[in-house]
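Scrolling down, you'll hit the structures one after another.
Here come two complexes built around subunit A, the first alongside subunit B, the second alongside subunit C.
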Partner chain A sequence: MHIIEEIKKNELVRNPSEIQKICLDKLKLNPLPNIKSELWRLSNKSKFSSFLDFSNINKESRMSLPYKNISPNIIRLIIGENSSINLEEETYSIRKLKDSEIIKYIKKNISNFDQNDHWSDLLNHCLSSKSNILGLNISGNQVPPIEIFSSSSSECFNAKTLILFCEKNCKVDLLQINIGNKNSSLSQSTYLCLEENTTINHGVVSYGEKKSNLLNSLNVIQKEKSNYSLGSIHFKFNYARFEIRINQLKGAAKTTIKGIQITKKNDQIATYTKIKFNGPNGFVDQINKSLADDKSHAIFEGAIIVPKVAQKTNASQLSRNLLISRHAKIDTKPQLEIIADDVKCKHGATISQLNEEELFYMRSRGLTLAEASKLQLSSYFKEIIECIPISKDRWDLLDVLLQEN
Partner chain B sequence: MVNQNLVKGVVSEPYKYGFVTDIETEKISKGLNENTIRLISAKKEEPEFLLNFRLNAFRKWQKMEEPNWADLGYKEIDYQDIIYYSAPKQKEKISSLDEVDPKLLETFDKLGIPLTEQKKLTNVAVDAVFDSVSIATTFRKELAEHGVIFCSISEAVKDYSDLIEKYLGSVVPANDNYFAALNSAVFSDGSFVYIPKGVKCPMDLSSYFRINSGDSGQFERTLIIAEESSSVSYLEGCTAPMFDTNTLHAAVVELIALDDSSIKYSTVQNWYAGNEEGVGGIFNFVTKRGKCLGKRSKISWSQVETGSAITWKYPSCLLLGEESVGEFYSVALTNNLQQADTGTKMIHIGPKTKSTIVSKGISAGNSVNSYRGLVKMGSKASGSRNYSQCDSMLIGDQASANTFPYIQSQQPNSEIEHEASTCRISEDQLFYLQSRGIEFEEAVSMMVSGFCRDVFNQLPMEFAAEADKLLSLKLEGSVG
Partner chain C sequence: MQTKTKELDPILEVNNLFASTEDLPILKGVTISVNPGEIHAIMGRNGCGKSTLSKIIAGHPSYKITKGEIKFTGQDIKSLEPEERAQSGIFLGFQYPIEIPGVSNLEFLRVATNARRKFLKKEELDTFDFEDLVREKLDLVKMDSAFLSRSINQGFSGGEKKRNEILQMALLEPKIAILDETDSGLDIDALRIVASGIKKISNENTGIILITHYQRLLEEIKPDYVHVMSDGQIIKTGESDLALELEKHGYEWTDNFTKEF
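On to the complex of A and B.
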């Protein structure tokens, strides 16, 4: 754990920025998360330490993108590559945040951060240099779709940060693609602030190459009448954690989360979500799927917190898991913490394998076992992939996944 | 809007078992060290293996830390400020019920557990435990005719020491957890049941636990062994007087089911829960676990938890035998400042094992009611199934209901289903019932017992009626 040693010795960053200083100070005494806490207890220790074992930090190299940008209507940004953007159109505007705005925002956030709960973000801010922080302010209701890439370079640890403010009445499709190169670690922290009446369709696609690791943290703050929908997919990582924190500041907002994680070989991929309602009339619908093969381990932990003020909340959470190998492992823990009494809250969890009766039916109609399994898997994936914006027309994710599995 | 006060009235029925029996007791001095354990063991004239078992557990306990993961807020327990042995004074060893102190018999009468002859009609054998000691066991002769052994664990240590040595600690090892280790070190009494091969126990067995003194802890231990093709239904009830101090209750229950046998263990727990400000009440830290060792064996837990200031209890099943079955049916009701963290663990180890979990939590007042359960499919549990259902009912906007299911699977050829929901007593339903001429309070209790029906159906007849009544009493005045 080279990085942790450096934090302890105070030698991680030369000439740290103000933010880096604050975060390094917060981590100095206690640089690791509490491995006995609910958030970290299932994390594979050797994988976690290999995630932190890099002396090369933020070394840049050109990344190869999964497809070319042939459509002029789509805005493509790559975090870390000097992408300057300032668009003022009649129906929308996209403005890069000033450094001072970014610093102010992050400072405000980290003052409330708990060392254990927000460890991923604190680590990210320690390591993320100014050029690796992208801040955008978006307004208007005819904003073109936006694609944002971040990647880690081979044999290197990269930290990237994205901050996105959506002004009132704004509507946008946003696709984030995180790519891990061979033998690398990527720490990605994202902050989304949705003002009243905004709608964001957010897609997160993360995949890696051999021995790549990912720590992906997503913080969403929603004001009233905002509508946030997330479709996410994580696959091909040696070790990956996706932490989602949704805060409905005053309730009365709508959140839809659909995610899938696919683990093979010796992978461990985990999704942690925490959805908090701080006002009445909130809505959340969440489905998390896992597919675990070979000797891999898939983890889901989701908490829905409904305090007294959040009357008339409507929350549902479903964890559906497919365990298709005798040596693979699935852990799931959907949880509800409820105080308000006039609410509709439910959750469910299932772990099973491919449905044998359905397979038998398809085979009796002349499909081979392989074809039938593929057909079943494709319907399993499709429910999630359909929620990922932009990629639909440009990149056949489903094909990619089916080829992989 | 439903009348808040009216509902409060429904829930806050005073605790009617809160009286203290004035009886001469023999207590040892406060505090816990190796000498205390030697003293308890000597008083009970125990064989050496048991003393070693206790000392071993004590040494392990000293190295352990009190668990805090359940997030229960209670003031620190001073383990040196507890009396670890307290027994009503009896001059000589008694040979029949007539010789039991009439005050004690009166106490159990008041609790609705008559130990004398008239109870015979109800066909339930009772083992009554008062503070640390078993007072009397009824129907022993009748049971002995069938070969069933039902006695206090102290007697069993003397008369059936081979069985005790073989099975004690085989399901809940001495170092299993902090409270189990404490119990293993200082346990005073409890019940022992042995059902021989092929015997269906002719009557329900029951033990009744009564805490009487305010400064002594209660640490009882129950061991039930069902041999091949046997079956037994066991009931357990608990009450305690009202003190404004907290009393510690740390029990261990071990069940062992061999081939084709079945054990049904039902509990109605109504320890004193403390007053409305949360002063006093029992701290209930219990380890209950059953081992389905044999093929096609079955262990079924059903519980109605209404009392205790703190409940920390996870009756579990280790499903080892092929096609063995584990069941857990629970109703947990919390009111005022009670905190309950209860649930179950279903560990599927053998192939084709099945488990069912139905948990109903009702929280009122400022209470916290959590379901915490584990379902685990081991890599050899091929063809196993689990179904869990956890429903919570919230009464008032100060109470909290939490659900923490832990689900782990390492076996692709198995199925796990879990579902949970939260509801409240809806005004529409209340209005409907009231418009049909049903009194408000009756309507509330109808809805609560409807909510708990799946669990009540699993309780033995006598208990089901009692549980239903208990819930409506407890809830008197709290729906709003």
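On to the complex of A and C.
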């Protein structure tokens, strides 16, 4: 674990920034998360080690984008490559955050970070250089769709950070695409702050190449009457971990989370979610799907926390899982922690295989087993994919990627 | 067994068929032969093996043939996959059509139709040509085109599901259609629509096996032969008046029949 050794020896970063110093200090005593804790116990140790084995020396290389022809009204940003973005239009504005604003925001957050719970973010901030932090302030209700790319370079460990503030009444479609290049590790930390009455349709599409790893952390703060919708898909990583933390600051906000992880070969992909209501009348609807094939391992652990102050919360969490191979493994643990007594909360989990009767029905109409399975799987994906704000051009790319996998 | 058109080669021949599922014997020597243009009805108590016979002919993987043969247009089909049987012209109308959420009915019908057309060496249809064809066939079963945009059978009423089965039959133009209790759960009007659709689709080259409990479907579609099944065997075969006798006396009447084959 190259990176951990360097943290211990205090040699990870030369001339660390203020943020990096704080985070390195937090990790110095315990550079690794507690592998016996609920959050980390299922992580494959050898894969986790390989995630930390790459050098964090940043090789300068321009990212190769997965599709070229984009609509002119889509704003495309690449973390680590775009030096400035400032758009001031009649109906919206997008302003790059000042360094001082970014430092202030991250400092405020990390002061409350628990070493184990937020280990992914702390590591990210140890390694994420100033040029790899993108901060945006968005306002307006006619903001063009924004897509933000993040990638790792081969044989490297890259850390990228995105901070996005949405002003009151803002409405935006945001698509994040995380690409892991061959033999690499990517750490992506994202912070979204939704002011009152904001609506974000957020898509996260993450895929890798051979032996790539991903640590993807998403922190969302929602103020009252905000509406946050997340559609995510993670696939083709040797090791990937998607951590989602939603905090409804005063409740009375709406959260929808629909995600899928597809594991094949010997992959391990995990999703951990923590949704907390700090006020009444909050709403969350979450569906997490896993599809595990070959000898792979998919993990979902989700917690919905409803303290006493969060009366009239309406929460639903469902984990649906499909085991394609008898050697694949799925662990799932949806959880509710409810103190409030006037709430509607439900959760559930299913693990099943491809439905034999559905397959026979389609085959009895002349579809081959492969065609029938493909249709069945695409229907399994559809519910999630529909939540990803993605245009037809980009959907074609995703369609191709899914078919390859 | 008697056949109406002895000079023709049978479309389907089931000879002394024994089959089981999870080591439980279900079919215990079924023999039936269907010629082009013939309509056969199979009747019998619940659990006597009617549906199993239909699924085995269609190639359901849960059943194991332990003895006997199934010939379709003279070829033994035991080793064929369900899709190969369907592409070559065997159609099974399901007693309980399966709901498949998320899979578009229209896309499913198009892929299925093209699989059959490919086998028949006909040109495959693109989305636009297929829509023209399917709209024409919808009229046969009086279905609204809105059903096409929905998921397969999802949220369909019992009658709509059965009409969707007949629509599939119309599109696939099978050589033999085995319709497993297509009349169950239908009101009188829906039954007439379904029966009328079946009659319009069938022709002198098509064989039909109707699996049913009731005479009322056979009033709409008059069978050439009626077979009575009991405990995995066909115990009696007669003409259409046999169904009337069954309606009159009930299945207890058949308890004393000895196996005729």
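Operating definition for what follows: the second predicted complex is superposed on the first by the 394 of 405 C-alpha atoms of A that agree within 3 Å, B and C clash if a C-alpha of one lies under 4 Å from a C-alpha of the other, contacts with A are read in each partner's own complex, and residues count from 1 in each chain.
Note that in this section a contact is a pair of C-beta atoms (placed from the backbone, for glycine too) under 8 Å apart; a residue touches a chain by one contact, two chains touch by 3 or more.
Bear in mind that the values here come from a model prediction, so they are computed numbers and not experimental data.
J.: Looking at the overlay, what does A:D399 touch: subunit B (first), subunit C (second), both, or neither?
T.: In the superposition, A:D399 contacts neither subunit B nor subunit C.
J.: For A:S364, using the defined touch cut-off, is the partner it touches subunit B, subunit C, both, or neither? Pick first, second, both or neither.
T.: Touch partner of A:S364: subunit C, not subunit B.
J.: Is A:I324 touching anything from subunit B or subunit C once the two structures are fitted on A? First, second, both or neither.
T.: After superposition on chain A, A:I324 lies in contact with subunit B alone.
J.: In the overlaid three-chain picture, which partner chain does A:L375 touch, first (subunit B) or second (subunit C), both, or neither?
T.: Touch status of A:L375: second partner only.
J.: What is the contact status of A:I351 with respect to subunit B (first) and subunit C (second): first, second, both, or neither?
T.: First partner only.
J.: Looking at A:E383, would you say it contacts subunit B, subunit C, both, or neither? Reply first, second, both or neither.
T.: Touch partner of A:E383: subunit C, not subunit B.
J.: By residue count, which of the two partners contacts subunit A more extensively, subunit B or subunit C?
T.: B
J.: Looking at the overlay, does A:D99 come into contact with subunit B only (first), subunit C only (second), both, or neither?
T.: neither
J.: Looking at the overlay, does A:E89 come into contact with subunit B only (first), subunit C only (second), both, or neither?
T.: neither
J.: Which positions of subunit A touch subunit C when the two form their complex?
T.: 356-358, 360-369, 371-372, 375-376, 378-380, 382-383
J.: Touching subunit B in the complex: which residues of subunit A?
T.: Checking each residue of subunit A against subunit B gives 308, 311, 319, 321, 323-353.
J.: Show which residues of subunit C lie in contact with subunit A when the two form their complex.
T.: Listed in rising order, the residues of subunit C that touch subunit A are 58-62, 81-83, 85-87, 91-92, 94, 97-98, 100-103, 107-108, 111-112, 115-116, 119, 151-152, 168, 172.
J.: Looking at the complex, which residues from subunit B come into contact with subunit A?
T.: 377, 379, 392, 394-424
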